[in-house]
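The following pair of complexes shares a single chain, chain A, combined with chain B in the former and chain C in the latter.
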Partner chain A sequence: MIVIRTPGGVSLRLRPRSLVVGATAALLALAVGVLAVGHGDYPMSPADVLRTLTGGGSPAEEFIVTELRLPRLVTGLAVGAALGLAGAVFQALVRNPLGSPDVLGFTQGAATGALVVVVLGGSSATLAGAAALGGIGTGLLIYLIAWRRGVHGYRLVLVGIGMWAILSGVNGYLLTRAPLMEAARAVLWLTGSLDGRDWSHAGPLLAALAVTVPVLLAAGPALRMTELGDDAASALGVSVPRLRLLLLAAAVLLVSLAAAAAGPVSFVALTAPHLARRLTRAPGTNLLPAAIVGALIVVTADQVALRVFPSQLPVGVVTGVLGGGYLVWLLATERRAGRL
Partner chain B sequence: MEFTLSVIESPPADTPTRSPRRQRAAYRGAGLALAALALIAVAVLSIAVGAKAIPLPQVWQALTDRDAAEYAVVHEMRLPRTLLGLLAGTALGVAGAAMQALTRNPLADPGLLGINAGAAAAIATAALLFGVGGGTGQVWFALAGAALVTVAVYAVGGGRTATPARLALAGAALNAALYSYVSAVMLLDSASLERLRFWTVGSLASADDATVRRVLPFILVGLLAALLAARPLNALALGDDTAQALGARPALIRAGVIVAITLLCGAATAACGPIVFVGLLVPHLVRTLTGPDLRWLLPYCALLAPVLLLGADVLGRVLGRPGELQVGLLTAVLGGPLFLWLVTRTRTNRP
Partner chain C sequence: MSTSRLGGTGLRLAYDRRVVADELTVAVPDASFTVIIGPNACGKSTLLRALSRLLKPAAGAVLLDGADIHRQPARAVARTLGLLPQSPTAPDGIGVAELVARGRYPHQGLLRQWSREDERIVAESMAATGVADLADRLVDELSGGQRQRVWLAMALAQQTPLLLLDEPTTYLDIAHQIDLLDLCARLHEEQGRTLVAVLHDLNHAARYATHLIAMRGGRVVAAGEPREIVTAELVREVFGLPCRVIDDPETGTPLVVPAARARTGTVLS
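What follows is the complex of A and B.
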């Protein structure tokens, strides 16, 4: 543990292991990113990619990298970071390792918004907007229903599960109302895919990350205090209801905009915070490591989906299968540890 | 002193007042008869209401008279549909009640805990591997999927440490994983998509004689096993040691109930797709009438759950004119708010 103190009375604690893990994961994500940009009908070596990125490539290479391949990579990184961060916040809010937004109905709300646009017909920009609105609206609804002098973690869980079940019914119905071709497009969207993403997809999400990351990092110390229990945190000067509202709003915003950018990529929000915690071995909520690991998971899964399978799969299939397996393992270990 | 007092206060033997216990049994028996009447009424409605409405007085004629104009409509479409709704409703209601007793958990529901989703994932796998065909094989796949998830859920949630909310969360996570698998299957194969998207909502629309005949034996066996287990399950509610002292065999009963739940949920899901909330809400509503005694709770659920399912189906046919709304949508939209009310009202939301 390294502690940095400034004369102004602000102290910063750094764990060397967390730093090393975070830096390694970030470097790995960037390395996978360089490989990803080099992959395609016009293959480029990593050296070429780096040269083009620093401004030394031919105009054709410049176009291929910055206009065709980089948007996909950046969208993937941003979606992964947003989902990892949101997952870490949700798990801290409901104090359960299974409390991820996919399980609690938030991503289903985004899916409902998108499906309404698919059934009524609309451009992909409208679809993204509707998905974001659907996610945010569902988050608001869950908060209002679960609110009773503050939002207690378990009421949030149960109300979220109820909303999940209702919205699954609605989504299934909407899927039957669409013509077959549109339904296929909708299922592709529901699985989560990075195909054909351009800068307009990455933009809103990057803006949201720029706003929420500082807010969440600033709320980190207060979040750690709530791990002592609501009463102890209140005694230490944390306004627990206001903190919960702030965290929930930030997480819902991130999840909704991530869904708008790439569809609800399943189980990244569940697995990234766990993986981050196991790697850093730091107690409590690892916000930044979770975000970095989330970004690494999404870009790696996307490359696996593109290169390993003969018919190029969307990224959500790979994260879904890996996440499902991880979930079964998690249930078994939680059960054995008596925490479930 | 206590004894003499109580002897003095007890009524003389020749007074004809009935004991409160027998009186309660009489009330409950009458209630059961009322529930049966309600079921018959809904079944008649289910035969009468549809794209071609049949006036109520002519329903009986349409059922029995071969020369009646509506004979074909009733026998080829409405009757199988009604029978399937009846069977599936009974199966889900009884499975829900048995599951709540087995896990001692008020939030146990075959839909919420992922058992129906397990059957759905197995059927999607079958569709991917062997092509889509609603053959007998589908039921076996559904049963295998349901069995796998039932055992998993029981392994996770059967212990004493599992709180309702944690079990529900584990089930919801399983649900999310299984449905993301089903949508991946639909993505890979557009023939599966065309069929599975209608089936995953939960609908009685595709019912025919063959479907009813295919699932009937499984549901009957499951129902019989659940009803036979009612008495020992009551004993089990007192704890394993007490149950053993009362002559019950806990391991045997648990295995029997798991088999019953698997048969009921697997068959119901194979026939009409995954339907949520029926298995959760009916036992809760019925418990306010009967109390926790499973010998009454299970028969009541068997009669009232199909009232809910068929009622929702009829409502879907009325609301969705000229088409129809799938029954799975209606149970989710109607049952969901009830579930939310239940979890925000009661103390089950304690960790």
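What follows is the complex of A and C.
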């Protein structure tokens, strides 16, 4: 633990290992990003990519980088960061390492919104908007049902899982009602994909991140206090119900807009916080490392999907396989260590 | 009449529609070691929750320094009034010093995360509770008695003139119970803090409390110094237990000795 103090009474407390892990993951994500931007029908070396990004490329390179490839990368980074952050918040909210938006029905709600548009027919912008609304609407519904003097972790899990089951059924029904071509498009969307993403996909999510990241980081210390239990946190001066509402709103917003941008990319929200905690070895909730690790996972998975598999594989398939594998490994090792 | 910073008048305490206590009036004398006793479900823990701002009374008000505690900001209250809840949870993999440091939360801010004062007070709190040697250990590795001392250190680090303890001796064996209560008594005497504890054991309460509040069925049956109020009649009234009250040979405080089982053979009337 490093402490920085200034004569003005300002004091900051930093954990060196978390700093190193965070910086390394961020650099890795950027490095993968440079490789990603260089990859495609018109290959570019990392040096060319960096030169173009700093304004020294030809007009053609400029167009390829900023209009074609950068939006996909930025969308991937933003989706990963949003899911990592939201996952860490949900796990803290429900005090359960399995508390992720995939399990609690929020992602299913976004899918329902999107599928309604698929069945009724609509542009991809409408689809994204409907996905966002579906996620936020589900969040609101779960909150209203689970609310009882502030949302209780336990109730949130049970209500969320119930909602997940209902919405899965609804989604299945909607898929059977969709025209065949549209159903194929819907299935692709449901896997989570970064194909053909432009700035209009990245924009809303970046805006949401710009608002929620400072709010969540400011709420971080209070969130850590709730790890001691509601009573202890209240005794330390945390307004627990108000904090819960704020956290839930921020996390639902992030998950919904991430789904709107790339579809429900599975397992990132579940895996990123665990991985971040293991790497930083810091107890409790670590929001920023979870966000950075989430971004790294999504851009890496997207590159793996693009390069290893000849037919374009949606990123959600890779995160699902990797995330699911990781989860099984986690459960197996925790069990062996006697912690589960 | 002694002064009182914390108390409540005309309290109706209820969970949803289930009323636990009504028309309850209590006062915690300043600089006292107040202990609340009573049979199970008499409302003693509920009263402590109300006094600590965790439960909002359905009627009446808890007053802290003359103002309704629910109209004061949570953080401001947390700098005056501390609480050690019955079963707090330690996050996985947290160290002792780190847990104690969390007690400084109400005094910290985004740009004031760890002042020299924080550092000093955390060290002092660990020294006062005898856990300084454990500073680098993980909380998960500690015994029940050690863990309870660490939680007490965290509550002390909050540096509140008033400290509430909800059944702090539960799950501890008799030696650790006495150890913890001795520690509380010392903190009360040496640091001049007002302590309020809910205890199960009447004899512990009579030995350590300077002010006793005896409750039954959501009412205060008696309140005052243990020597003055603990009598066989009171114990019979509050707990329904026939007994004799003698002087504790160690401390001279009242000692409750339950009556031997009646020879008639009825188990309990």
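Please note the rule applied: the second predicted complex is superposed on the first by the 325 of 340 C-alpha atoms of A that agree within 3 Å, B and C clash if a C-alpha of one lies under 4 Å from a C-alpha of the other, contacts with A are read in each partner's own complex, and residues count from 1 in each chain.
Simple rule for what comes next: contacts are C-beta pairs under 8 Å (C-beta built on N, C-alpha and C of every residue); 3 or more make two chains touch, one makes a residue touch a chain.
Remember, it's a predicted structure, so these values are computed and weren't measured experimentally.
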Looking at A:D102, would you say it contacts chain B, chain C, both, or neither? Reply first, second, both or neither. first
Chain B versus chain C as contact partner of A:M163, first or second or both or neither: first
Partner chain(s) touched by A:R281 [first = chain B, second = chain C, both, neither]: second
Touch test for A:D48: chain B only (first), chain C only (second), both, or neither? neither
Go through the superposed model and pick first if A:A218 touches only chain B, second if only chain C, both, or neither. second
Check whether A:G229 is in contact with chain B, with chain C, with both or with neither, and answer first, second, both or neither. second
Which superposed partner A:V3 touches (first chain B, second chain C, both, neither): second
On chain A, positions contacted by chain B and by chain C: none
Help me check something: in the complex, which residues belonging to chain A touch chain B? 95-96, 98-100, 102-104, 145-146, 148, 152-155, 157-159, 161-166, 168-170, 172-173, 175-176, 180, 183-184, 187-188, 190-191, 266-267, 270, 311, 314, 316-317, 320-321, 323-324, 327-328, 331, 335, 338, 340
In the complex with chain A, residue positions of chain C that touch it: 52-54, 73-79, 81-95, 98, 102-103, 105-106, 108, 110-116, 118-119, 155, 158
Chain A - residues contacting chain C, complex: 3, 5, 9-13, 218, 221-222, 224-225, 227-229, 231-232, 234-239, 281, 283-284
Residues of chain B touching chain A in the complex: 107, 111-112, 152, 155-157, 159, 161-162, 165-170, 172-181, 183-184, 186-188, 190, 193-194, 197-198, 200-202, 276-277, 325-326, 328-329, 331-333, 336-337, 339-340, 343-344, 348-351
